[in-house]
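Next up: some structures, all given as structure tokens.
Shared between the two complexes below is subunit A, which has subunit B as its partner in the first and subunit C in the second.
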Partner chain A sequence: MKQPLHLINPTVKAAAVFCCVVMLSFIYNPYTPACFYIIIVAGVLLAAGIPLKKWLLFTIPFLILAFGCVWTAAVFGKVPTTPDNFLFQAGPISINSDNVSVGISLGFRILCFSALSMMFVFTTDPILFMLSLVQQCRLSPKLAYGVIAGFRFLPLLKDEVQLIQQAHKIRGGAAESGIINKISALKRYTIPLLASAIRKAERTALAMESKGFTGSRNRTYYRTLSVNRRDWVFFCLVLLLFAGSFLVSLCFAS
Partner chain B sequence: MQAFDELLTVEQLSFSYEEDEKPVFQDISFELQKGECVLLLGPSGCGKSSLALCLNGLYPEACDGIQSGHVFLFQKPVTDAETSETITQHAGVVFQDPDQQFCMLTVEDEIAFGLENLQIPKEEMTEKINAVLEKLRITHLKEKMISTLSGGQKQKVALACILAMEPELIILDEPTSLLDPFSAREFVHLMKDLQREKGFSLLVIEHQLDEWAPWIERTIVLDKSGKKALDGLTKNLFQHEAETLKKLGIAIPKVCHLQEKLSMPFTLSKEMLFKEPIPAGHVKKKKAPSGESVLEVSSLSFARGQQAIFKDISFSLREGSLTALVGPNGTGKSTLLSVLASLMKPQSGKILLYDQPLQKYKEKELRKRMGFVFQNPEHQFVTDTVYDELLFGQKANAETEKKAQHLLQRFGLAHLADHHPFAISQGQKRRLSVATMLMHDVKVLLLDEPTFGQDARTAAECMEMIQRIKAEGTAVLMITHDMELVSSYADSVLVLHDTGLAFDGSPAQLFSQETGLVQKAKLTLPLLYEWMAFQEEVRDEATVTSH
Partner chain C sequence: MKSWKVKEIVIMSVISIVFAVVYLLFTHFGNVLAGMFGPIAYEPIYGIWFIVSVIAAYMIRKPGAALVSEIIAALVECLLGNPSGPMVIVIGIVQGLGAEAVFLATRWKAYSLPVLMLAGMGSSVASFIYDLFVSGYAAYSPGYLLIMLVIRLISGALLAGLLGKAVSDSLAYTGVLNGMALGKELKKKRKRASEHASL
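Up next, the complex of A and B:
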């Protein structure tokens, strides 16, 4: 599972993603995001070893969202249709190229955001990410280890909801059909769920403290994460690729 | 070392959560020598766990409680700034629930977590982690995710985390109560060997004493109000103060019960007891349940995804009988109960309630005939008061109200009628959850570990209650890890092992047969049967040598 992208320092990876997202937000032409999207997908599929099927599956909802964007911009766009930019007639609405171009730009921006996020999520161990934030960004260990401990609870929470559902079904009388019943069921689940969540959190906190955790920065690390040359190369590479996509757009625009 | 033999001194320690509230425990004084082992006993809710947390300095800060009196570690008060920083290093705790004492995902990270807090350099850490894993013989678990481990393994990991920090005092807060009997016994033996080898002090809080009492010399007992009631040699307490202990709701080791009829010197060690012949009339024959079959299960299978949880299971539950369902942790006992209660759909197989398949029943009808008490009773509470809890889903009329009142009386909950169900004690919650099931005229009652986490008295009350329900003609099926309970209360026993039903018969049959099933299914023999097996072995050896 150790593909090149997995080995990049998580903080550097997150910073690269963040930079790209910010820069993309200031670009309104459709060529840069489109080109950049192709680069990301190619890069991720080659250097992260993510199965194509998994990637596509997670892309579907974003594709729908992106298409919605294109459609909305094309139909409700502000630019009036003139003979110069007229594309085609969809029923009573005439579609023009200016609006479509805005839509495509927005659509690809969404796809880029999704691809960057997926690249980060699929190739980063969340624990290492938190540890890296502590070690590289001086995030408070109190917060970081709290998040890590909370992360363990997620699957437990799902089991717990299921158990409560079953337990309430046993009590009978509480049919869960109809919106009003569903809302009242939700209310009934909340108290036991909260009660047990609070208890769990308290116990885990006690266990952490009893192992000498004080939340202070005075600690050593079993897994030390550092930023080395490879990470800087990655960061610069990402920026270069983005700059490249921007240049492509200049070519097309002229 | 002469002057520093005293590890821990507690002087008139009292503690309460809120200013004007009555204290959880009060006026407790004792001393603990270096290398000494102590059992800390007391009824549920007497503040044992809170005391443990005060000793290692987590309380009162962690919960803003009010504490008076003093705790000294190496003759320095733990409230000292310097001491309080390092106290957790000197006193480590293993908690009860294996799922709620870890904060990292893998075993090595979890052990490293404690060492990181102590600011041990990275190079030494690897060494220490490997050494402690080796010591507990769990090296193969090093890189495993903690969530994939069994309960017994998790508790060993919890112990490894503490041991790696090399504390002078280890506090165990009911470490085995969630484990199957075999893993529990294994844990205690491991603890004993480690203590002998490393010489740390040990403070054990526990309800099940059979394994601990023989080797922990000293016992401190708290009473209901959290005052120190007794403090002395374990052996003396169980020999001379047994009546007081019983009144306090403390379990007397089974060994003491069994030797009552023998004129031998008092002992807590079962090995000593086993040398004596078994007195006549101790083995009671139970009649096989003869009632009519209420629930009929045939070739039931269930799978989660690709993984089969159980396959091709058939048995029946009879009117007025108590059936125990036993097996190692994680074999799907709870899942089987859920399938029987029609909360999950089986993959194949049939379940007949009074000769009618479960699916034929309307949801409401089914729930009226079949009760289910979950392991955590809180899950089942849906209203805001104890009284409403009983009336939930009932027609509001004089008759049901009378029935509810009657049940409140019967289960000793009448004075709590207006309380919130979440705000009563564990034992009361359990009784309430059973009472809610009895509002209907249930024919089948399924119970998931009804005696878990309760002291001897509440556990006995719970079993008595089940006996009465059974006497009224209900078929009861109960999951339990307590083999003594199985042997003294159950009419028949089902062993779930390795996705199949490995045994269906009477407890006496299960415990006296020599197929090795008891070991395989991670059960233990009740003491009486262990005694019989021991004597059998001696007899066999004698015949071998005489030939």
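Up next, the complex of A and C:
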């Protein structure tokens, strides 16, 4: 089913994410990212129809990462500890509130990045994103169709690995057990995998050219994408929501 | 992109796509480590994320190979579901520019091991500047940052430069690169060696 977020032009969606990330990277107070995070999660769950369970499952790795950033900033932060901001003593290191607040800000920043990117990935068709880059951002069609052709090989990689495994087995190659053996076996897999991928790519390129693909910009498209009013409304709405969460932080600060 | 053959572009994207999968695995691996040890856990493995630049530039030897391959790998990583989403494309551009700058300095003529290692280190420096601002590393103390930078430089030289060259050379020996710059160079080398032997 098509949800409102699925219909937004992929380039506009990506641009909105870029703008948010750039603006977020100038912010070191914890209130703005925290507030923005709540807004994104609420907005995406409502407007993209992503099941809550799937969302939570994908959030777990980022929670771990965010936790790492919080404690690193708290322990290795650059603000020196003074009696004013002293929080508690953890062994030889004293923790101060300024570094902790920066850490929480960085943690929420990561959660915001993850929420924005999940919003993008869950609601965007990869092929449409490439086509939109060609039609809206003047990406070279030669490059774009090359990448789309390569993208098609992705599901085949797993089969290819299995094939190599069977080929090794049939020639009496030892089965890998243990971590050290597995790492040393990595080369036996990487090179054949890349070699067969390159051969396939060569054949694909030949097929593309023999069917008249020149990669010139002067071409027609089966699917044309455009930027219309709905896309601009979406873009402005995202910026407004960010401005809103920035205002919230001003209220807290004073 | 005008001087590029369709073949070179498709081969470059396929290699970038294979390594995008590797990149993503390392991203998740690094994220778990970073949860335990903080962002410094990324540094020893950081070089792996520059390897496509080195491989593509070394194989194709055309201006832009290092930059474009890294962008494709980042793009595919984004489409597969990287934590940073479309932002990973910007990271890819930054890292690719770092490597490309080194190749530019040699006017895309020299592809010896030291140059490839320098290219990996170029990506290290560029990505570190990015992290300083966007990932908020600027909030850490200078001593901690210096340790991070040194580890990342070493990782870039070894995991991207050295490993990238090793992978490309092994690939060239299989013969699949015969139509490309690296394969042609290898053929010439072999011919010279056999002439030497017959004399």
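Everything below uses one rule, namely that the second predicted complex is superposed on the first by the 228 of 254 C-alpha atoms of A that agree within 3 Å, B and C clash if a C-alpha of one lies under 4 Å from a C-alpha of the other, contacts with A are read in each partner's own complex, and residues count from 1 in each chain.
Basically, a contact is a pair of C-beta atoms (placed from the backbone, for glycine too) under 8 Å apart; a residue touches a chain by one contact, two chains touch by 3 or more.
None of the values given here were measured: they were computed from a predicted structure.
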TODO: Would you mind checking whether subunit B and subunit C clash or fit side by side on subunit A after the superposition?
DONE: fit
Open item on the list: For A:240 in the superposed arrangement: first (subunit B), second (subunit C), both or neither?
Closed with: neither
Open item on the list: Under the stated touch criterion, which partner chain does A:164 make contact with: subunit B (first), subunit C (second), both, or neither?
Closed with: first
- [ ] Go through the superposed model and pick first if A:77 touches only subunit B, second if only subunit C, both, or neither.
- [x] second
- [ ] Angle at the Cα centre of subunit A spanned by the Cα centres of subunit C and subunit B: state it in steps of 10 degrees.
- [x] 70
Task: First (subunit B), second (subunit C), both or neither touched by A:188 - done: first
Open item on the list: I'd like to know which partner A:45 touches here: subunit B for first, subunit C for second, both or neither.
Closed with: neither
Task: First, second, both or neither for A:7, with subunit B first and subunit C second - done: neither
Open item on the list: One more residue to check, A:205. First (subunit B), second (subunit C), both or neither?
Closed with: both
TODO: Scan A:120 for contacts with subunit B and subunit C and give back first, second, both or neither.
DONE: second
- [ ] For A:61, decide between first (touching subunit B), second (touching subunit C), both and neither.
- [x] second
Open item on the list: Comparing subunit B against subunit C, which has contacts with more of the residues in subunit A?
Closed with: C
TODO: Quick one: minimum Cα-Cα distance, subunit B versus subunit C, in the superposed arrangement, integer Å.
DONE: 7
Open item on the list: Shared contact residues on subunit A, subunit B side and subunit C side combined as an intersection?
Closed with: 149, 151, 191-192, 195, 200, 204-206, 208-209, 213
Task: Sites on subunit C touched by subunit A in the complex - done: 1, 4-7, 9-18, 21, 28, 31-32, 34-41, 68, 72, 75-76, 78-90, 133-136, 139-142, 144, 167, 170-171, 174, 176-177, 179
Open item on the list: Could you list, by residue number, the parts of subunit A that touch subunit B in their complex?
Closed with: 127, 145, 148-149, 151-152, 155-156, 163-164, 166-175, 188, 191-192, 195-196, 200, 203-214, 218-224
Open item on the list: For a test of understanding, state which residues of subunit A touch subunit C in their complex under the given definition.
Closed with: 14, 17-18, 21-22, 25, 28, 58, 61-62, 64-65, 67-69, 71-73, 75-78, 99, 102-103, 105-106, 109-110, 113-114, 116-121, 126, 129, 140, 142-143, 146-147, 149-151, 153-154, 157, 187, 190-195, 197-202, 204-206, 208-209, 213, 215
Open item on the list: Quick check: in the complex, which residue numbers of subunit B touch subunit A?
Closed with: 53, 56, 58, 62, 85, 88-89, 92-93, 95, 97, 99-105, 108-109, 112-122, 125-126, 146-147, 161-162, 165, 338, 341, 343, 363-364, 367-368, 371-372, 374, 376, 378-382, 392-394, 422, 436
